[in-house]
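One chain, chain A, appears in both complexes that follow, with chain B as partner in the first and chain C in the second.
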Partner chain A sequence: MDQKKTCLFIHRRSPYGSSRAQEVLDMAFTLSAFEHKVSLVFMDDGVLQIIRDQDPSAIGMKNISPTFRAWEDYGIEHIYVEKESLEMRGMNQMDLLIEAEIIEADQLGKIMEKQDFIFND
Partner chain B sequence: MKFTIIVNDAPYQSQSSDTACRFVQALLDEGHELTQVFFYFEGVWNALADAEPPQDDRHVIDNWTKLAVEKNLDLVICSTAAKRRGIGHSAIAQGFKIDTLGRLSEAITTSDRVITFGAP
Partner chain C sequence: MPILHIINTSSTMHSSLQSCLRVAQKDSAIILIEDAVIAAKQGSHTDQLIKDILEKIKLFVLDPDVKARGIKSNQLVQGVEPVGHDGFVRLTVKYEGTQTWS
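And now, the complex of A and B:
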């Protein structure tokens, strides 16, 4: 069927240590720019991608946080953060660089049911 | 049904690329259509022309090239991911082309299913 799709990107990896987080974001933001209905979930170590005050300059990696500031301009539909993953890392909404919707793990299943395409990373 | 396939692992890094190639063969055999195979992340290494695996091992890249030529497939490696890793037009094998994530977006638009090989 020829139509724009609902796409969910599940980010589970820490932001640095590999280029993976950056490249997954590039993919998500590109699909959104091309008018697919893209939502993002951050869980497990993925919640570290949206922590405030990132400064990876000492390890020579590109800071991924500026990417998130443009999420509304790119037309990203929802940004979800899994509650338990935050709590396990001693974090809360105040630690995040964007205003995200905090969800329980069991809500994730319902969100996934609505998607045409899920990219789990 | 129309499929888009995404390959995220390098050849020999895991079995993902092998499995993706066999999956493509199988879906075509079953009468389905393929819009595109998109190679992203370390998957862009699947397009290297000069790979020479030992003779008693399978040749993952050749398998893709043969399938692409035989079935006239669209094998696309991501330009940004390829540039990051120093893979240019002169390095890539027959059957592959370099294009943007926008091409993946178009393929997803026209597909019923998107299947990803190789991830966490």
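And now, the complex of A and C:
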């Protein structure tokens, strides 16, 4: 592709029940490294991917957290978190390991309509 | 870019329908396929929710999936529009983007 595309990745799954979260994240970072305009959204159980103090060592899974700390280096445009998903899980900005833009669902709907591509985990 | 939201999981087991409704804009449409179709049955726990959706957004169901689950056309919440596989394809062309909630 010669043209830069806007890509939105919607993360709705918790991080350690399967490897999907990590794999989709790898895809997002790869697209971003190839200079497409990539943004990430965390909603539903996806917000659990960016919670602080994750330690999956005892269940033999790779910790997903360090990947997120590299988001600026990879040129990810925006990281959005849907507000209601956070609230439903008793979470707020302080619980997150990265600085994210907390947005209302309606705003997310408008953002989705502006994308060239939407991907899901 | 109006979006066609595709939901394929049962609303009694998953929150896909609720999550989709939070973000769906007025110019978008929803189609229920596979296990999601049961949400459109009259008298189900989502009966009122489906009626509320229909006041704002177009709602379709994939007819072969409805029939497969023993639901007759007259048992669907009024206003829900059944489409065949061909109609489903046409919808994906009409709406520029699609988003699958599974």
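In this section, the second predicted complex is superposed on the first by the 119 of 121 C-alpha atoms of A that agree within 3 Å, B and C clash if a C-alpha of one lies under 4 Å from a C-alpha of the other, contacts with A are read in each partner's own complex, and residues count from 1 in each chain.
FYI, a residue touches a chain if its C-beta (ideal position, glycine included) is under 8 Å from a C-beta of that chain, and two chains touch if they have at least 3 such contacts.
Remember, it's a predicted structure, so these values are computed and weren't measured experimentally.
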**Request:** Identify the partner contact of A:E84: answer first if only chain B is touched, second if only chain C is, both if each is, neither if none is.
**Result:** second
**Prompt:** If you stack the two complexes on chain A, which partner ends up touching A:D53: first (chain B), second (chain C), both, or neither?
**Reply:** neither
**Request:** Have a look at where A:R12 lands relative to chain B and chain C in the superposition and call it first, second, both or neither.
**Result:** both
**Request:** Please indicate which partner A:M43 is in contact with in the superposed arrangement: first for chain B, second for chain C, both, or neither.
**Result:** second
**Request:** Check whether A:E99 is in contact with chain B, with chain C, with both or with neither, and answer first, second, both or neither.
**Result:** neither
**Fill in**
Across chain A, the partner (chain B or chain C) reaching more residues is B
**Prompt:** Once the shared chain is lined up, is A:E113 touching chain B (first), chain C (second), both, or neither of them?
**Reply:** second
**Asked** Once the shared chain is lined up, is A:M27 touching chain B (first), chain C (second), both, or neither of them?
**Response** first
**On chain A, the residue positions that both chain B and chain C contact, one per complex** = 12, 120
**Asked** Which of the residues in chain B come into contact with chain A in the complex?
**Response** 40-41, 80-81, 84, 100-102, 104-106, 108-110, 112, 114, 116, 119-120
**Asked** Mind pulling up the chain C residues that touch chain A in the complex?
**Response** 1-3, 15, 19, 22-25, 28, 97-102
**Item:** List of chain A residues in touch with chain B within their complex
**Value:** 1-5, 7, 12-13, 19-20, 23, 26-27, 30-31, 34, 36, 116-117, 119-121
**Item:** chain C partner contacts - residues on chain A that touch it in the complex
**Value:** 10, 12, 43-44, 82, 84, 105-106, 108-110, 112-115, 118, 120
